[in-house]
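The structures considered in this document are given below.
Below are two complexes that have chain A in common, paired first with chain B and then with chain C.
Up next is the complex of A and B:
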């Protein structure tokens, strides 16, 4: 069996300094980064032969659907459970995402992202017992956009890649704007559009986007975030004019 | 109601359904989970959603949907739940569409239906290959909506540890541990709802999600809660009555955590539907229960909760104190292999006995555990060790149930008893924890609407003889 070296950026607590630790783990072709991390759990010994604390990382669906395992793999945000080690150059360097506070080792606190999703109000206000309004079936091209935008796993890769998203700004980032666009694709969703656009006009809203386009390259779902952002920018402009004319 | 008196554990389709439906009625609730949607196998369910839509004139009927559900369950599913679920299915479809779910459609805009195995008609709606994912995300939007409105308090990153039971045997809340700070807190409640998912990950953690290992049900089982039908791979769970209440007053179970809807095998496309239905039906029964309570939780002495918190701290310490040479993750892999090999699709008395022996061996090796991490900050090893402890109990119950059920039915196929035996085993397996091992009792099934056609002895109808 081959071995492969993992170079991991570690940190015991949020306030503790970080350090690097290398691990030689057994590897068979086809293994994912998550599978390699499991090897460390089974044998928490570093490459100097010293016993160490096993590396703390996030695990979830194990199938690329929940986004929980996102980390920097050789410098790029990726899903550990879906990244096969075969094509990665060794040593494989693993780091926590840089845009969120580190909790421990590869685990970060993404609550800013989740709170922004609540703030963005991308939902339709209707209850189980409400009468049916009669479903308006969207066109095929809308359905296609819907499928794309609704495949977001909230992994945060787009935020990691975005130069505008950081602790000094309150920019909500591409994924949140994508979710607003998603809801606005539907006639029922447009009913509360004005409220969402207000949020998009505030500080941290869509105007903070610098149009670098890194988000599109980073998204593991291949979501066209650039055009979602462009659409919301246009909606904001139209809404601003509408409000002006009152 | 201002105070949150209902605590829901688990944030998959069933937990979110329960939370959202309570919030729609203005009831405020607390929704606790260790990993939110990341811990939910709902996200991965690709089967689709069964519903006989009234406008679809193809000879299908709600009655057929019901019959086929019960027949596939081989008569072990709860008929009253399943019947109501089939009746309500079209309403769930309209609700989901109204809140923005788009089912796959043909070029003309008509919704597409799949005809899945064991169905007489195409009646399964789907969202490409991601129905569970899409339904989860759309419900998650609704949870956010009610979070913003202040009706749902979401607590993610809290590991459920135990229920708090008072002297009279009534459930008064839970204890949970913050996965980051490792703080243990109690959440007092008048009703607790377990929506913690299935135990599919007992053998294959990489298939059903890391957190779907049945350990929450295992913890309850150790506290005296009955489990049921675990020998039927993936359909058993916490035993519940007609109100979805467990044998502990005030403690409910919904979704894949419960045993109510699936019986010996589930009709493909019924799982997400039953998760929705059980979550949405829960509110009325729990509210009804709370209104009948003499003493509300606010009148219960805080000592009860402090005592349980102390007990849980002590339990953690027992893992940290172990100083052997066994690695937790090696043990976990061995358990998975053991279940697959000895209690998998092909099982017999011989293999199951070997499985039982192996589980007991793992149990004694767990006493010689050696954790590499003794810290009190984001200690995944400690959390995983606790989970593993309970997984072993559940695994033992699976094997015991499979050993004693000397017949083949649904997903339980015995090589040494290849026939279905309605005379002896048209029954629910009810499992109680004892320190010496699982104790099993069989409960009669209420065949309220539908009976097996030939309930004579050991009849085999070849069509039943499908494996897995």
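Up next is the complex of A and C:
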């Protein structure tokens, strides 16, 4: 049976220093990175033949739907469950996402992402039986944009790829702006638009975007984040003018 | 809005265990758990949700095809009675009548309500919520969002639940229930990251923990599906019901090996895909059960007319219920007519234009492109049965969703009754939102009726923690991964699609042996994010689930829906009168018994057994 080498950046605890460890795992064509990691879990022995702690990683649906398994694979943020080893150059280098604090090995703490989603109120808060929130018949083009933006799995790849998103800035990042755009496509989302746009005007809001466009390239769902950001920028401008005029 | 912390606290003292207190604790943040949480919040109860993965990553996100609700948007002849009839027929009339009735009646409102909360389903040309065809459903009935319905459902519910004030404890695994006398008083869990134990004190607990497909080798289920709800409820003394009914979905991926079992949505067949054996034969025409013959096309020509939209044509046999299709595929493969990797062919490429496939089934297109390097718009897929869904589960009251333990509620896949012997595709997502809501309401009624708050019993807490830590503390022992593989092989080989007494008896002996290994399981290292420890802790629940399935399957001497026996072929009328229930006996061993089902109300019986034409014209 063939083997393949995985080079993994490891860290035992949040404050601990990192180190690299190599593993030789048996491999058959068509195996995903997640499948290779499962092999290490079953038999945590490194390439020097020493028993070691099993490697910890996030995993969910295993079918590219949940966005749990994002990590750096040969330097790029990718979904481990949907990345086949066949086309990767060996050794395969696996690292945790760099924009979030490491919890252990390949697992990171994504609290910031959740908190930003809540802070930006990109989650709807319409009331039960709100008379204005009833059924809407969206146009074909709104449906299309909606469909695209709603395919976000919150995998965090766009944040990883963004130079503006880091521990020194409070930029909310492309995914959150995409979600705001998504909600503003709907009438009941627009009812609270002003509140959301206020947050987009603050530090960390849409104006922190540097228009580098890495997010678009990184997104496994192919979401056009660039135009979502442009739309929210325009909404912010209109809102600012509106407020100026009182 | 409170801060959400995935890493809640830094432990300062080993003996210090944090307690969180809520009126209602819900275990599980899938569709059922979130819907229950919304209802509970809305009823003014303090509500906490505990889930072992991150918010938004629950199993429900994987759901593809859609949710069934008789809205009649695509075919106006549809109504709740026909949905009810389809559900009962699909479940081989073993469904809990009241649950199937409420489900069919309430699903349309629950779907519409989702749109109020921000979901947007695919549309018909006239702007209504579009509905697609699925196996066993008489009319196009599944509201859907491409083939990503679960993602939309989860996002909508979680956004709304957070704004309703739900407090969420993520990456926290529940270990066992706490009781004050007979009633529930909370539970003990641990945070996966730190390994720290935590007590949740609550007046009512709702389980929405999903199924236990991970007890088989080939499954569409994720790592979360280890039957924790079944295990915890069983240990606390609750009844499990209908556990022998496990659904093998006919179409899972079979190649490459590392993705074997991953689901290929029924939507592929609903949208026109056909099944072929290695001779190129559309073999499903040879497997139409007599009960369905009157409503199924018996020629290729008629089936093709149906696809073209001819409303007088009957449905193609590929859309028969899942149990039938899975057994047919199994028989083709066993008969030497399978595909190269042990499945059969599923062809949509030659039936539907490439751009339509990409639009209607985008994630299937990507799934095969990425995982199998196959273009489904050009070539047929290879598919075979995969363990998919538990029809059985915690026995509940059909209206309040309360289990046999006061204060313990269950909804979603972890509860039993609604789907009888076989679930129709699309009936799960609708089940989640209908019964999630009812569980929330049931919990409110119960909490309001309490005269005093249940108390936490410290010795129970201590013994739960001791069980968990012994896995780390023992000097040496069995490897949790190997024990799990062992269990999966036993179930795959002996309690699969086709069952017989000898094999199941063998499985029970093997399960006894595995019980021994589970009691000796050892995880190296500390409790700090230790995957081997997490795995080891899941084993007890997997084992309880596997044993309940096997014992139930052995007892039920007939073939019905998801339970098929080589030694007792066909449905036996005498068995229609019973459910099989399992619970923990006073000696600690599993007891299984037949319990008599209540007689159905006349009116429902009339609908379930009605001629379809009579329902369509509103005669019944």
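In this text, the second predicted complex is superposed on the first by the 236 of 246 C-alpha atoms of A that agree within 3 Å, B and C clash if a C-alpha of one lies under 4 Å from a C-alpha of the other, contacts with A are read in each partner's own complex, and residues count from 1 in each chain.
Quick note on the criterion: contacts are C-beta pairs under 8 Å (C-beta built on N, C-alpha and C of every residue); 3 or more make two chains touch, one makes a residue touch a chain.
What you see is a predicted model, and the numbers here were worked out from it, not measured in a lab.
Visitor: Should the superposition on chain A be reported as showing a clash between chain B and chain C, or a fit?
Guide: Chain B and chain C clash in the superposed model.
Visitor: A:82 contacts which: chain B (first), chain C (second), both, neither?
Guide: second
Visitor: I'd like to know which partner A:28 touches here: chain B for first, chain C for second, both or neither.
Guide: A:28 contacts chain C only, not chain B.
Visitor: Examine A:189 and indicate which partner it touches, taking first as chain B and second as chain C; both and neither are also allowed.
Guide: Touch status of A:189: both partners.
Visitor: Just chain B (first), just chain C (second), both, or neither: which does A:110 touch?
Guide: In the superposition, A:110 touches chain C alone.
Visitor: Quick one: classify A:98 as touching chain B (first), chain C (second), both or neither.
Guide: neither
Visitor: Kindly classify A:166 by the partners it touches after superposition: chain B alone (first), chain C alone (second), both, or neither?
Guide: Neither: A:166 stays clear of chain B and chain C.
Visitor: Please work out whether A:64 is in contact with chain B alone, chain C alone, both, or neither, and reply first, second, both or neither.
Guide: second
Visitor: Taking 39-47, 273-281 or 309-317 from chain C, which overlaps chain B after aligning chain A?
Guide: 39-47
Visitor: Intersection of chain A residues contacting chain B with those contacting chain C?
Guide: Shared contact residues on chain A (touching chain B in one complex, chain C in the other): 12-13, 41-42, 53-54, 56, 58-63, 65-68, 103-104, 107, 109, 114, 118-119, 122-126, 128-130, 133, 135, 137-138, 143, 146-147, 150-151, 183, 186, 188-189.
Visitor: Touching chain B in the complex: which residues of chain A?
Guide: Touching chain B: residues 12-13, 38, 41-44, 51-54, 56, 58-63, 65-68, 103-104, 107, 109, 114, 117-119, 121-130, 132-133, 135, 137-138, 140, 143, 146-147, 150-152, 183, 186, 188-189 of chain A.
Visitor: Where on chain B does chain A make contact in their complex?
Guide: 21, 24, 35, 37-41, 43-44, 91, 94-95, 97-100, 102, 105, 107, 109, 128, 130, 133-134, 137, 141-142, 144-145, 147-148, 156, 180, 205-207, 209-211, 280, 327-330, 333, 372-373, 375, 377-381
Visitor: For the complex, which residues does chain C have touching chain A?
Guide: 1, 3-7, 42, 53-57, 59, 61-62, 112, 115-118, 120, 122-123, 127-128, 145-146, 148, 150-152, 155-156, 158-160, 162-163, 193, 222-224, 255-259, 262-263, 363, 366-367, 370-373, 479, 481-482, 485, 524-525, 528-532
Visitor: Using the touch definition from the top, list the residues of chain A that touch chain C in their complex.
Guide: Listed in rising order, the residues are 12-14, 28-32, 35, 41-42, 53-54, 56, 58-68, 82-84, 103-105, 107, 109-111, 114-115, 118-119, 122-126, 128-130, 133-138, 143, 146-147, 150-151, 153-154, 183, 186, 188-189.
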